[in-house]
Amino acid sequence: MIIAYLKENNSDISPIVPSNVTKLLKFLDEVWIESGIGDGSYFRDSDYESVTIKSRKDILSGADIIVQISPDITDQEYNSVKDSAIIIGQYAPFNDAKIGEGLQAKNLNVFSLDMIPRTSLAQSMDVLSSMASIAGYQSILSALQYMPRYMPMMITAAGSIKPSKVLVIGAGVAGLQAIATARRLGAMVEAFDTRAAVKEEVQSLGAKFVEVEGATDDKDAGGYAVEQTEEYKMRQAQLIQEKAIASDIVVTTAQLRGRPAPKLITKETVEAMKSGSVIVDLAASTGGNCAICEDNKVVDHNGVKIIGDSNLANRMPQDASTLYGNNIHNFLKHIVRDGTIDMNSEDEILSKSIISKKS
Amino acid sequence: MIIAYLKENNSDISPIVPSNVTKLLKFLDEVWIESGIGDGSYFRDSDYESVTIKSRKDILSGADIIVQISPDITDQEYNSVKDSAIIIGQYAPFNDAKIGEGLQAKNLNVFSLDMIPRTSLAQSMDVLSSMASIAGYQSILSALQYMPRYMPMMITAAGSIKPSKVLVIGAGVAGLQAIATARRLGAMVEAFDTRAAVKEEVQSLGAKFVEVEGATDDKDAGGYAVEQTEEYKMRQAQLIQEKAIASDIVVTTAQLRGRPAPKLITKETVEAMKSGSVIVDLAASTGGNCAICEDNKVVDHNGVKIIGDSNLANRMPQDASTLYGNNIHNFLKHIVRDGTIDMNSEDEILSKSIISKKS
Amino acid sequence: MIFTTIVDIAYLIGAILFVWGLRLLSSPDSARKGNTLAAIGMAIGIAGSLCDNRIDGEGNYVWIAGGIVLGATIGWLVAKKIKMTDMPQMVSVFNGLGGACAAILSIVELSTVSLDTGGKVISLFALLIGCVAFTGSMLAYLKLDGKIWDSQVTWPKHNIINQFLLIIVLGMFTYLAMTNASNTLLIAFLVLCLFYGWSFVAPIGGADMPVVISLLNSFTGLSAAAAGLIYDNNLMLVGGILVGASGTILTVLMCQAMNRSLFNVLIGGFSAAGGAAQGADDQVAKTTSAVDASILLYYSQSVMFVPGYGLAVAQAQKALKELDDTLEANGVDVKYAIHPVAGRMPGHMNVLLAEADVPYPKLLDLDDANAALPSTDVVVIVGANDVVNPAAVDDPTSSIYGMPVLNVWDAKHVIVLKRSMSPGYAGIQNQLFFHEKTKMFFGDAKDSIQSLLSEVKNL
Amino acid sequence: MIFTTIVDIAYLIGAILFVWGLRLLSSPDSARKGNTLAAIGMAIGIAGSLCDNRIDGEGNYVWIAGGIVLGATIGWLVAKKIKMTDMPQMVSVFNGLGGACAAILSIVELSTVSLDTGGKVISLFALLIGCVAFTGSMLAYLKLDGKIWDSQVTWPKHNIINQFLLIIVLGMFTYLAMTNASNTLLIAFLVLCLFYGWSFVAPIGGADMPVVISLLNSFTGLSAAAAGLIYDNNLMLVGGILVGASGTILTVLMCQAMNRSLFNVLIGGFSAAGGAAQGADDQVAKTTSAVDASILLYYSQSVMFVPGYGLAVAQAQKALKELDDTLEANGVDVKYAIHPVAGRMPGHMNVLLAEADVPYPKLLDLDDANAALPSTDVVVIVGANDVVNPAAVDDPTSSIYGMPVLNVWDAKHVIVLKRSMSPGYAGIQNQLFFHEKTKMFFGDAKDSIQSLLSEVKNL
Amino acid sequence: MTQFMQFISDNLLLIYLLIFTVILGFEVISKVPTVLHTPLMSGANAISGVIIIGAIILIRRSASDDYFSLILGAIAIALGMINVVGGFAVTDRMLEMFKKKKK
Amino acid sequence: MTQFMQFISDNLLLIYLLIFTVILGFEVISKVPTVLHTPLMSGANAISGVIIIGAIILIRRSASDDYFSLILGAIAIALGMINVVGGFAVTDRMLEMFKKKKK
């Protein structure tokens, strides 16, 4: 089987890094890449040994497995794709249920990486986790780019600087990493989440868990958050208002799969915050947790900066590419058995990530 | 006495912060500020209570003590200054010996804050230390803005990321702070300095000291570095070449008062470094420690970014202003005795920082 | 006269050496010297008894020499040949023989000399506890050596039977002490005592044997003291009392170290799985103590820590680093095996260990760790679970089958620090805990590590 | 008969209570209970002696009651009234009175009863040491109380005179023991002994008085034991021997704690500055031990750590945090005073303490710390120097005069952890080290903290 | 010599007891922390006041007109009692500072 | 009762000695670290072999034709000797491991 990687156009992240190639060739016949695929992540074409450089057109028509990050193959291009070819990407079908139908209509074999179940076994293929982890780390660094104050406490001859306060809302993968990074830099960190289990995890990173009583739990939602009751939301919003006003940095990561992100930071909250404070909103692409957030923009609201960025991983393209490339390699290694992919396998990971199957 | 603060034009840092005012009024009669003085550091005019807002012109002609950060008073403006007035700023007379003469010629009372001796007693007035400390902290943060890789080690399901290597050259105030910040973020840090005493200090922060044998020591130079021998420089340059090539981030802080900064990172070194690595050159204003450095620019040399910035404190204007304002307050508290300043005092701090005295 | 006094002084010196030896024995630095001193004391005492001119009789030195040579040879050979791991059993056997010796002496005394009531009481006492020490120790030996299982020697309501037996024993004791009973009755008493010793130890759990041996040892001491009264010998008296007292204290201390009361050990008995936890399918996980685990760590060449989410919960990273430092200072090579999904976020373990200043080169990732494990002496699993679950390798029905895990079972010993038998994030049972190489050490990871640390520092 | 036995048992119980009391007295937790036990033992003993029916005579209970009431009243009143700081002197006086009691008994015995040689030896021995204990203790009291200076009571070549005196004393002792000497000679011996006691203590330095008192105390114990032999009383015998033995060991331990030998104290004498480090101007800095410092910490309400550059050099931050945790767990309030220029870069201490996870609210800056210091029990200075230098406050010639420093001398006690007397960054000597409240604890800060830690954990 | 040997053999148990008491005295004290040195000394001193029993015995067996013995004895009792009562009381006061905490 | 009291008064020193020995036994052991439990038990066990002195005395004072006593006595000696020699030797071996490392 021939595997081919398409170059991303809207991101510096590459779906393949040089170290993946030999490992892929152990169970696949050829690896094709588009020229300049690693440019954004500081890999030159020459770094990729034993690959064949092909044009996008050749790849679409010739490869058995086509890998991309975000699905940017046009309908026209789909027509040139080989009959048996398998396409891998992140289609986010939970956001738009029609995507699957559309692909099905075109009679394609498509895996959506964001549908991989979040089990221990699948963790090595879970691109959402790898990217969220980077985003969490970068959320603090990008906040610091704008914050006019020290993060750690400093008792110096020129005066004592209090440690910054950081509030993390939503302690999933990204939130936890944000907590860890802020703590490393010496901030006082508090975190919020609606899932009760997270409390222990937050504390295990040395941060304080701010509790709002009465959260609906979600043990069965497979790791994703569920929508909460109105009353709960109100009390939570109040508490967050207070905490956020006292914070120098607020990081919000609360997302609900397939729904707009809950609004957790109101305009009034932002206006009551200290001038010079920073909000990093990782849910920006689904509307943002902060009322004033705009996706892919830094908004300055009365001296408070609101960074809306759902793709913070892009700030660190090399390691992001490495992790992404490894995830895809692990995924392929899992689904390719004896040189083929059995689209009808009952394997949980394989069956859950298929969003369109050739009939 | 009336003290007045001029607004900076080239920097966001303010020489006074609101909390200074009441303390100043304890031993001074009036505090004047220029409008908008705190804009860059997130303080509004209204935050400064009990001050009088004055125009630049009024300040120059009416104040007894005029405080600025960098000396931007024109010759013409000097003429309007009160006869007995005292001007405080950073004149860097070590870089240009004529400055003192020029001021003397104008028959002014001028204190240059960068001439305050670096003794334990004077540390609370030492603006060089406060600003260098911020610069050291920000050197790492600004490097991270460009680095495409993780700083800490990460063993994750998607692969193991090695910790970044950081090399700090010149472990003075800024260098030590850079070491501490990089270590906090989980990097492997090595540091260089020509002064032998620094070794213990570097180790006390958990970093490794890279030794080049045969440094000329400088115990008597008052804390400032002395020029080293040619042979030493060569061996050092070699070792730095090797270490820098292996590093992800290089921070250089080596300055020699009144001389161009030593060139410690050659062009070849930069070219041999990994693509995506970052060099932060804090000595940029005196020519830079890195051969390719340009002041106040980020140069991209074959994928290696060279950040030339001698005023990194400006990236964190609020706390920088706080510390600066406190330093000046402490300085004034020290030199103002019973409502006047005795320009002929034998006090070490006072006498050393005078660069021009009314005759 | 002078010679007699010299013998008396010899006994006195022997007694002082016993005390001094025991004292030195209770600190690791001097223990060996203490043992030697006590042995010298014993030699002086024996020499004294050989030439004590107050004993009138026909000498019979040949008999004595025969016994001494025979006993010394056997004792020496056995002591030298025995395997390190079999030593506790051997102590039990030795103790039993000492008890037997006491029993023989009292039997001879009771059957040949006519004694007053006091003498009879003392002799019968020596006989009773000598017998109990003998058979009890022998059974303890058999149990410890794995030659006999608890279930083979216990009967239903064993404790009640034992109490009943004890009443009979005491009854006969009183009767024999009051009357001039026949030798037959004496033999019956002997047999009864022997049987009681066996029955006394039978219900006590295998894991509790060391406590029992210590107790029986203090019994032997008391019988020696009783014999000292019979033969009016101060050294026997003092030595016996000393062993009786220190043995008792030692027994209590051993119980404390196991977090149990002596009563619990003796009566509560019956726990076939003394100090073990029951698994789902009636499997038994072995537990270990801080002392044993610390000795294992201290005397090993290489140790691998496997941190997991429990490390984070317990916030035990700094304590772990200190244990690492202490072990390294004693020449142990310490590494950390970091599983990619250990903890609850990518790089969770890295964050913690960096906070504790563990140098990066000590952290091995999955592949390196699995390569290093077969040559590792001891693996310490600190609050990890799923990432060391062998089901990922050998149970195709498991939900984590196929996930790479740390093959900790390749190492020589595995110690697991966790609070209970409850499963990890994936919610599946872990067969590792029942693996033959595995010992569980229950408790909050930080507390456990701190107790390991203080034990290692004590060594 | 039965009654006699009861008295005997009373004495026995008294003796056991003495032993037990002493034992408990040697650990801080139980010391008070130990003292009470010993007192009960004494009461039982006295009661026993009052009704012991083996003593035949005319009772004279009125005399006895008079003595007891008088003595008890005085003893009680003095003990309750005395100031805390005067207690050591008082112990010396009490001890002297005990010695006097022994001397009186032996004088009466020697002058009224006719004794065999053994009895005479014992009585003379009790007389000798009773007298020495009496006058020696009294002189020790006067010295400790500052009523007499060393120079007032020493003569040139005092040690040689003392040796000469000792020879005369021993010569008379032998003569009196061998012959039936006259009372005059006895009185002469008495006077000589009293004088010798005085002369014995005279040359010993004032700072060494506690050691001497302890030694004289063990003498009193021996005289009581001797009296026990004279009156054939086991309680006196055992109690006396016990005090003699433990007093001797205690004396040795006290010398060790001062880093000197007993010989050195008794003969080398004359050093007013026991166990101290010499400062520049012949000033003396007091040192302390891990045990003393740890007890001080453990029993205090509030402790302030003052970290400096030495903390960073020693990398002792984590150990310090552990000490903090341990003290907090025992109810001590622990804070850190961070001087703005401590260390070698702005915020140096913050970096270190954050690494050790010290919560921010525990860090006090200069002003807060100086406000808190007067109500702080113990300040522990961990490798800081310039930032706690009083010269900044009170020495206008100092190069740091005017710099705000931490006024650690406002606290009740100051313990300084550093490796030597060498100065800090500013290169100037620090008078704090010679301050009356200050004790130095030399060594690498990390090692010192770790030994404090293990001592605190032992308490 | 013989006499001495005889003495030893006659008083063998007494000698054992003395030696064991000495060892016990050593053993009990050997690990005392430095802060307890003074209270311990004070406590031991109070115990050494056991000499008072001797004084009691002396008076009890004196003739009721043997004023020499009686007066000296009474003084001895008084002195001993000061030692005993004062000693224990002072020790107790010293030890007050240790009762503050419980683990 | 009287008999018992008599016994106590007669053997007062012996009782003192016994009790003090017991206390000493307690005292000496009370602070032993857990790792030494087994070696200490083993060492104490070897000391309890002092019973062998009884066996020696038994044989020495038996008639040379009293084979009952002699045989049993010789067995007792052999058993006791195994206890003594084996006990000390095994203890010594156990304690060898403590010399391996030096702190």
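Points worth noting:
Order of writing sets the chain letters: A, B, C, D, E and F. Residues in each chain are counted from 1.
To be clear about the criterion, a contact is a pair of C-beta atoms (placed from the backbone, for glycine too) under 8 Å apart; a residue touches a chain by one contact, two chains touch by 3 or more.
Here the structure is a predicted model, which is why all the values come from computation and not from measurement.
The set of chains in contact with subunit A as well as subunit B comprises C, D.
Distance from subunit C peaks, on a Cα-centroid basis, for B. Ranked by how far their CA centres sit from the centre of subunit A, the chains are topped by E.
Centre to centre, using the average C-alpha position, subunit D and subunit E are separated by 19 Å.
Each chain gets one centre point, the mean of its Cα atoms, and the points for subunit C and subunit E are 42 Å apart.
For the pair subunit B and subunit F, the distance between C-alpha centroids works out to 79 Å. The distance from the centre of subunit A to the centre of subunit F, with each centre set as the mean of the Cα atoms, comes to 74 Å. Residue positions of subunit E touching 2 or more other chains: 13, 16-17, 20-21, 23-24, 27-28, 31.
Among all residues of subunit A, those that touch two or more other chains are 123-124, 129-130, 133, 152, 154, 156-159, 161, 184, 186, 206.
Across the assembly, subunit D contributes residues 19, 23, 238, 340-341, 346-347, 351, 354-355, 357 that each touch 2 or more other chains. Under the contact rule defined at the top, the touching pairs of chains are A-B, A-C, A-D, B-C, B-D, C-D, C-E, C-F, D-E, D-F, E-F.
Those residues of subunit D that touch subunit E in the complex are listed here as 18-19, 21-23, 25-29, 31-32, 34-36, 38-39, 41-42, 45-46, 48-50, 52, 55-61, 63-64, 66-68, 70-72, 74-76, 78-80, 82, 84, 87-88, 90-91, 94-95, 97-98, 100-102, 104-105, 107-109, 112, 118, 210, 213-214, 217-218, 220-221, 223-224, 227-228, 230-231, 233, 235-250, 253-254, 257, 289, 291-292, 295-296, 298-299, 330-331, 455, 459.
By the touch criterion given at the top, residues 338-341, 346-347, 349-351, 354, 357, 360, 363, 365-366 of subunit D touch subunit A in their complex. Of all residues in subunit F, those touching subunit E in their complex are 13-14, 16-17, 20-21, 23-24, 27-28, 31.
On subunit F, the positions that touch subunit C within their shared complex are 7, 17-18, 21-26, 28-64, 66, 68-70, 72-101, 103.
On subunit C, the positions that touch subunit E within their shared complex are 1-2, 4-5, 8-9, 12, 15-16, 19-20, 23, 234, 238.
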